[in-house]
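Quick one: this structure, given as structure tokens, is what I'll be asking you about.
Should a chain be cited, it is by its letter among A, B, C and D, assigned in written order, with residues numbered from 1 in that chain.
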Amino acid sequence: MPWDRNQMAERAAQELDDGMYVNLGIGIPTLVANYVGDKDITLQSENGMLGMGPFPYEGEEDPDLINAGKQTITELARTSYFDSATSFGMIRGGKIAAAILGAMEVAENGDLANWMIPGKLVKGMGGAMDLVAGVGRVIVVMDHTNKHGVSKILKRCTLPLTGRGVVDRIITNLGVLDVTHKGLHIQELAPGVTRDEMIAATEATIV
Amino acid sequence: MPWDRNQMAERAAQELDDGMYVNLGIGIPTLVANYVGDKDITLQSENGMLGMGPFPYEGEEDPDLINAGKQTITELARTSYFDSATSFGMIRGGKIAAAILGAMEVAENGDLANWMIPGKLVKGMGGAMDLVAGVGRVIVVMDHTNKHGVSKILKRCTLPLTGRGVVDRIITNLGVLDVTHKGLHIQELAPGVTRDEMIAATEATIV
Amino acid sequence: MGKIYSSAAEALDGLLFDGMLIAAGGFGLCGIPENLISAIREAGTKDLTVASNNAGVDGFGLGVLLESRQVKKMMSSYVGENDEFMRQYLSGELELEFNPQGTLAERMRAGGCGIPGFYTKTGVGTVIADGKEVKQFNNEDYILEEGIFADLSIVKAWKADETGNLIFRKTARNFNPPAAMCGKVCVVEVEEIVPRGTMDGDHIHLPGIYVHRIIQGDHEKRIEQRTTRKREEA
Amino acid sequence: MGKIYSSAAEALDGLLFDGMLIAAGGFGLCGIPENLISAIREAGTKDLTVASNNAGVDGFGLGVLLESRQVKKMMSSYVGENDEFMRQYLSGELELEFNPQGTLAERMRAGGCGIPGFYTKTGVGTVIADGKEVKQFNNEDYILEEGIFADLSIVKAWKADETGNLIFRKTARNFNPPAAMCGKVCVVEVEEIVPRGTMDGDHIHLPGIYVHRIIQGDHEKRIEQRTTRKREEA
């Protein structure tokens, strides 16, 4: 049976090792924080914070303490604050070990599209282009196909790119794929999913 | 009678206005601080401090508190500390209103040489190239001639440059000269010094 | 020092002109110069280009300058919270220059630090690279991004001392320091002005050299996405 | 977190190799990583390139690595305090790359921030510009300077918490943050290690993300130019 959202997040959490500094995107990636267990992970919020804590209790919201999704959050014992130039300096400089992000499309060469659909309202890339260009490891977590059943893992992206050749690993409801210089490689299959099912559901070539 | 060192420093202090952030070089420029009177001047030390205070009393020296000449100093009520990249960011970014510096040679086009003499021991330019390239106004304070009586204000510098076309004003024992796009212009003469004496002591063309 | 002004209007007096470039601090509605934005609305300055990560929301933050049609162009990374923005943008009334968030922050810092251009990997191979110089370092492509040199910076801090030294609070720091750096003139609104000597020099986030005028303001500090968790039963 | 080591030798274990590039914090003898320098001397690593504003004095600071002939090349802005340096340099035993002080600091920060090159006016028209690309912005010449990407950073801070968050003290901050940023690995020596949660997140000068290993050390903190003034009679 393919993984659900929470199982995908749980699987993504296995990518994180003790001591890592990590940036989690919006959506399923946010759920990853629920599955890190005892691992000593420090979450970055790219608006200027390392050591992001959980949402505050009602009545304890602080307008000066939000995450990159503009949600009220809390701090931890390890928390540090800094300005946006410093924050993206550490992103661009490769100090963030991993980013876990959602995507609209990923191509077999590691190209990523997750910020705009031509003809639709364009809201902006925010920090997504900086993250995929800068962090040590880019892990995409998304459904394998869109709501019409069409593969989101393609030979080539059709949407405008967020980054070229940036994705290292893709975690979907069907399993885990690695982007290698030879092409996509199946790393793991969700329980009950066969290699043939994975290949059939994927437009990109799996080697 | 030409100005002595202290009178040159006193004259240089007239260049400073209330509210200015200023960097003073080593030698006569350091003496300028003694003549600012009631003016609200903030001194930068380019190793990472704004609001440099006087030398400490004996026994109160702090090894963590030195100026760019590596001398022990003190802080003031306005003092802020920052790292070297930030410090030179404000220099390069033109936030320092004026630098008052010594020189070996100045040319009529504003070229400045004050960091190396070929064949002699080269100690390095330190922050001098950054300062002359970045600050709002570069004021040179120096003796008009060297110990052999040869003009230090030249048609062209003979020594390796610290900066090209960077000097705005020259204060010497003989008076004050401005570097204009038309050439050097006498702004003021020390008491008893004639225009002809100034011209005779200057290799550069005075217009 | 004469940096302290009694109102936002007074602090902006003589600094505003049609067609100017303003760099604004803030992220979303967090740490935005609310009072200075209102005063620019009152002043009616037109054809503004505003470099700011976001464009406020309808009726608050930079949204009020969009409503009044004072903005000609935004330089931002994300503008999704603002319907009026989208309406003007889609109708061609408003220009928009998208910048990756980190590129925007670094462009502001660069302008403030006298750096007219720098190379970055961010945006290589995307529409962001269109028309920009590409250079290889170590066999990898980088694009040239230019420093932002603003006519005016408008910034929100937590505390200022009389000499303009600033301290920010938590994630309200965000774009405020780089925005402050890149302006020819920088006007700051704070929650509290404290006497000189009451700030530890090691705790100052932005030295007063970057700050030309200061006002103490009232701040609504609106929360954009109020999210909470349940208290566990004791 | 496992960032805390019991000695400088232990903290450097496995990180040193001949021919490596080390970025060192400090200005003169202020805020220098004394203990780490001694441990590198003990380790005997050779052919080092060291990016550091100064080169220490004879017998202290980086001077000890010059004495032991472990340094092949210095990248510095001012080296006037060190006779042994001058002797080796003049005899051709030591390479020297002069960098204007601000260019050196910015090159370190750039390396740490993923910026391989930036343009600056500093040094235009001087020997510093020799062999460097010149580009015009706004009709003015700027030269291209490259980011420094070091194999190792050695840094001195005042306090660290267990997660590596650092606080510096007064002008001992100087080159330490940019040097820390530009290394693949950063080892820090501090005067005091404090428990996590005891530092205010708004007071941290360098977040722990830049810090891989920490030791608490004894520091001589030698003063290079002791200057004082007389107490006025009461």
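Note that a contact is a pair of C-beta atoms (placed from the backbone, for glycine too) under 8 Å apart; a residue touches a chain by one contact, two chains touch by 3 or more.
If you're wondering where the values come from, they're calculated on a predicted model, not measured in any experiment.
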Neighbouring chains common to chain A and chain D, by label: C
Chain C and chain B - chains in contact with each: D
Equivalent interface to A-D, taken from B-D, A-C or B-C so that over half of the residue contact pairs match: B-C
Distance from the mean Cα position of chain B to that of chain A, given in whole angstrom: 54
Chain A and chain C, separation of their C-alpha mean positions in angstrom: 27
Rounded Å distance between chain C and chain D, as computed from the means of their C-alpha atoms: 32
Residues of chain D engaged with two or more neighbouring chains: 106, 109, 113-115, 120-121, 168-170, 173, 201-202, 205
Numbers and ranges of chain A residues touching at least 2 other chains: 49, 75, 81-82, 88-89, 91-92, 134
Topology of the chain contact graph, where touching chains are joined (line, ring, star, complete, other): other
Pairs of chains satisfying the touch condition: A-C, A-D, B-C, B-D, C-D
Touch list for chain D against partner chain B, complex: 27-31, 53, 76-81, 86, 90, 98, 100-106, 108-109, 120-128, 158, 168-178, 205, 221-231
Chain B-touching residues of chain C, taken from the complex the two chains share: 1-2, 109, 111-115, 161, 163, 165, 181, 196-197, 199, 201-202, 204, 207-210
Residue numbers on chain B that touch chain C, as the complex places them: 18-19, 21, 40, 42, 44, 49-51, 75, 77-82, 88-96, 134
Residues on chain D engaged by chain C in the complex (per definition of touch): 106, 110, 113-121, 135, 137-138, 142, 146, 167-170, 173, 201-203, 205
Footprint of chain C on chain A - complex, ascending: 45-49, 54-58, 60-67, 69-73, 75, 81-85, 87-89, 91-92, 111, 121-130, 133-134, 160-165
